[in-house]
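Okay, here's the structure, questions in a sec.
Letters A, B, C and D name the chains as they come in the text, with residue numbers starting at 1 for each one.
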Amino acid sequence: MTYRAAIIGGSGYTGAELLRLLSTHPDIDVVQVTADSNAGAAVASLYPSLAAAYPGLEYGPMDPAAVAGLDLVFLAMPHGASQGFAPQVIDRVGHVVDLGADFRLPAAEYTRWYGDDHTAPELLDRFAYGLVELGRPEIAAADHVAVPGCYPTAANLALAPLFAAGLVEPTVIVDAMSGLSGAGRGLKVASHFSEADESVSAYSLLTHRHTAEIEQVLTKVAGKPVTALFTPHLVPMIRGMQATCHAVPVGAGLSTESLLATYREFYADEPFVVVVDDPPPTKAATGANTCLVTVRFDERTGRVLALGVLDNLVKGASGGAVQNANVVLGLPEGTALPTVGMWP
Amino acid sequence: MTYRAAIIGGSGYTGAELLRLLSTHPDIDVVQVTADSNAGAAVASLYPSLAAAYPGLEYGPMDPAAVAGLDLVFLAMPHGASQGFAPQVIDRVGHVVDLGADFRLPAAEYTRWYGDDHTAPELLDRFAYGLVELGRPEIAAADHVAVPGCYPTAANLALAPLFAAGLVEPTVIVDAMSGLSGAGRGLKVASHFSEADESVSAYSLLTHRHTAEIEQVLTKVAGKPVTALFTPHLVPMIRGMQATCHAVPVGAGLSTESLLATYREFYADEPFVVVVDDPPPTKAATGANTCLVTVRFDERTGRVLALGVLDNLVKGASGGAVQNANVVLGLPEGTALPTVGMWP
Amino acid sequence: MTYRAAIIGGSGYTGAELLRLLSTHPDIDVVQVTADSNAGAAVASLYPSLAAAYPGLEYGPMDPAAVAGLDLVFLAMPHGASQGFAPQVIDRVGHVVDLGADFRLPAAEYTRWYGDDHTAPELLDRFAYGLVELGRPEIAAADHVAVPGCYPTAANLALAPLFAAGLVEPTVIVDAMSGLSGAGRGLKVASHFSEADESVSAYSLLTHRHTAEIEQVLTKVAGKPVTALFTPHLVPMIRGMQATCHAVPVGAGLSTESLLATYREFYADEPFVVVVDDPPPTKAATGANTCLVTVRFDERTGRVLALGVLDNLVKGASGGAVQNANVVLGLPEGTALPTVGMWP
Amino acid sequence: MTYRAAIIGGSGYTGAELLRLLSTHPDIDVVQVTADSNAGAAVASLYPSLAAAYPGLEYGPMDPAAVAGLDLVFLAMPHGASQGFAPQVIDRVGHVVDLGADFRLPAAEYTRWYGDDHTAPELLDRFAYGLVELGRPEIAAADHVAVPGCYPTAANLALAPLFAAGLVEPTVIVDAMSGLSGAGRGLKVASHFSEADESVSAYSLLTHRHTAEIEQVLTKVAGKPVTALFTPHLVPMIRGMQATCHAVPVGAGLSTESLLATYREFYADEPFVVVVDDPPPTKAATGANTCLVTVRFDERTGRVLALGVLDNLVKGASGGAVQNANVVLGLPEGTALPTVGMWP
């Protein structure tokens, strides 16, 4: 059968990437895409790249009633908007896959990092946290999914094997770099070409909200509280994300070889995580739903260094969303998800 | 049935792009890929982006005997190399699809623009010139194809409707811009990041070899000799090509509206040429096999302005090659050829 | 003596570039810089690069009274704003140097290209058109200057020697490329990093307002009406501008050698125009007040090809403004104007 | 008086940047510039940006005899070459300022990180380590200077105040990002435009040679052994360097405010180090000899985060070299060193 889907808030980059990926999905039909300020515009006018696949599609207005009866609703809205929209549709559709942050964290943690009270806390239990590689059974058993943030996806996939094996202390450092598409299509000075090009900028020092997701996931994997010092940087490219992660071993006896073996075993059955020997360039994942990771033990300083790269719009957002949709629908997990990147 | 194919000279960018596109082709299996200096290397070591689709594939040595019996051989060699290799394989394989310049021009014209005598002129008649939109019947009837150059593809698709309708004088001006991937993977100062980034450079003034293909195709379409002054520019991006073309009307009565109508009718049945109203950004074609064109009549100066954009590695090279392969094999022309680009 | 200067509308890129250049000017002190929406902000908060030279400087509000008595006022306002501001200050300051378009064209021509009636036509005669190389005496004799647009500066310096020598027909084609800084600091989708990066876009087909300046200057140089078909393109870099220009000879006997000689003689005494043999990359001018030009005669098509490159923010805007300020103040023309670019 | 200088190995990027900076130096005349493979070429042919300042200058051959009697010799040679060249000239010139790594470390440490035995260990004591802000008296007292590496300059200026005040434990983590110009003008795949653009790559994991300089300087500042885990990343821009540094406090009581005050006091008299409140973008330093630093104390994890940015070719190489030259010559330290960057 073919599942009928809507994309709510589809005029941003994650919405456009959903349209790109789903254009090749044999089992999911996008029957509706909505936007707020862009309602009434042709999809092809904002994204000429999509004209061939969606020649007549227009952004509709935000209307919860219009999605009633659909099998699947992707929410690609600004952070904070999903908790207002989801309550109006969650009982009228098969599955909600939310790409925003609203249903990723417990209410108290949400308020701590995002500043506002959560307005739909009663729905939180109905969403699984959609980092498939670390929670496939819970996701398959859930109706609705909160797709993880891009930075946490990269960092957690890079660090999880260490915590799963109990190899490291519970404080980690994550220095990460993201291309500008992660900042979205909304206009701001930091994303203005002449400001962003030929520059690197650290931002949100000590307070970036994705810290909460890094800590939540690693805490679950470790079975005890993990804290993270997370520092993101904007780098002048469109797509791509690098997480460079540091941890301290709990005991002796580690080596790069043993760590690589641990990683290879941990991800042996995962189609979208590739353990590599050399430090992977982010370009290896451009356009693909792949996360590449590697790891080192530094004998000089006694520290562990773990690296993860991905395409923030694919594995870090819309590809992750499609992967989750496949899981909740019971489809082959890799449907419509490229593993071959675009190089150069 | 599945056709067995080889890619000769597959370690360059057009070779890698063939591997990317063919990874989704249901009817063509790449059973061999060769390289010269990179023989013995894993494909995944040069292109980590291809690791998932070709995990164990290695570049083999250049060996004409090894391709004997294959259905299809793509030649992705440096210009000048095909004419040495093709004679050794052309009678032992089903189809040769050459991405180089060696079989695009008559021998005299080749010598005029490339400087050297052609060493296999007797094979020239066995290759069709593979600009499918302007020569589909000849290609379908041929065994072997010379895939057009990237610049000529953009310029000729932008200008052909004018000459087909006899609307313009036989001298045209083409100012074109290309991303750096068009210059290939070979190292040279002009492609060094710190030299090429943040700069535009015109090059090969008056003498760029692709001029010959522009003139040859437009002459055929016009039915009388056409000359072109072609000026290419390198611009700091990886993929993408813009042809900005100028022509002088032969008579009165043109308008932008009439020209757009002429273009829409000319390309009405073409899946890979999209006539648009607004000037298309090259990004609209990134990763896709699409060429977008538009046209204007300038009442002030009485001139015609025609624009074409494409991805130089897809429609301008490897995508065009796959399109031709589909035609000579009798497969649906669009197989494995994306029409959705990657934006952003 | 030291001249006291203000920069009105100094929070945009041309204002910032004026501050950069004037920080090394021994004879001009910037005593005031104003901004509209950014009034009250520290210069160093918008431009950390300027912190060392202007540690305490803040943007003041737009106040015509506050500039009374100054020797020099640079207007770096949005197009259309100067004609409202200039009448309030022109008789209270020594010199007005306007970087906008308001005083570059006769009133009727202004209205034709900019759409609105000019609100201060009585002032137009008091401004000289500041393309110094083609009008030094008029500028030196004037009190006030309208600094030329970036595209016209590049195109006119590339084409002027042809028209001065009466070598070409009166219709020219100019295909030009600009970095994104030419679009200013104002936020818009076309300047958003993820939209502009990795793409080339033609824009303002047939109607770009700089066409008027190209025609005005070349008409003056030629002594008879010249028309231009001007097509600008955005390319993904911050600074840099390329004008690729085409003209048709009026007679026989041209050669590349003769044209280069004509150019060298024409610009023999110009410190900021460099005639080069090879096509110059825009990078050669980055950060410098230099325009590099070259020229070719194409025997095949019988056409002349002329190229000009410059840094749109320096020679194409703020550097040109300082050059004009030096001229009207009677200072050495090259004061505070770098001729060495930043490479890489 | 005017000092006569040579630049040995002047065809690379640090050589070109020396020429750019020294073109405005009133007291230093570059009378000779040499190159190896580029000997005989015009400086302006490799760097058109330098044509105006050095119109007739050509690269000469490497000839130790030719520099005899000069006041100053800059060595901008590949790493490993200075130790062969310096012995031939050190007693025949006033001052050697070496931009390479050969005279930065003790012989044993050099061998440990660079792999080869040092061939001129007897000269090591005659070179001061030229991080002026942390060793001005020793440099002023020395005849010759080894200019620090780019990464160590950024990291050490970001971390030094912490160690000078005894605030942190002796193991630090440095994650750093560099533009491609840091990799030089030599052709390699990693610096090829289509490979480097739109990608981030970590490299030299655990083994980057600049680790030795970070440890050496911080050990000296701390008065006890410091070790560093240093991980560099290439990011797709030409110039700019970011050092994101992590340290663990030795005691309680730190705050971001106290740390910023410590930094401001430490650098109070330094013209080229600017302590800022917000995380500085690398663009703030483009083209300038400035290093911008900031610092945070993270109460959640109890860690210190210190950031430093600079232009790798200026403060990280050629600007640092000129600063050192000014010191050893007794000139005002800031001569010919811009503090205003180029933005955008």
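Just so it is clear, contacts are C-beta pairs under 8 Å (C-beta built on N, C-alpha and C of every residue); 3 or more make two chains touch, one makes a residue touch a chain.
Worth saying up front: this structure is predicted, and the values here are computed from it rather than measured.
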Greatest separation from chain C - chain, by CA centre: A
Option reproducing the contacts of B-C, where over half of them reappear, out of C-D, A-D or A-B: A-D
Centre-to-centre distance between chain D and chain A (centres being mean Cα positions), rounded to whole Å: 38
CA centroid of chain A to CA centroid of chain B, Å: 36
Mean-CA-position distance for chain C and chain A (Å): 45
Junction residues of chain C, two or more chains touched: 13, 179, 181, 185, 194-195, 197-198, 236-239, 280-281, 283, 286, 344
Residue ranges of chain C in contact with chain B within the complex: 171, 173, 175, 177, 179, 194-195, 197-203, 205-206, 227-229, 231, 233, 235-240, 242, 244, 246, 279-283, 286, 296, 298, 300-301, 303, 305, 307, 309, 344
Chain B - residues contacting chain A, complex: 13, 16, 20, 23-24, 47-53, 181, 185, 198, 238-239, 271, 274, 276, 280-281, 283-288, 290, 292, 313, 339-344
Residue ranges of chain D touching chain B (in the complex, touch as defined): 13, 179-181, 185, 187-189, 191-198, 236-238
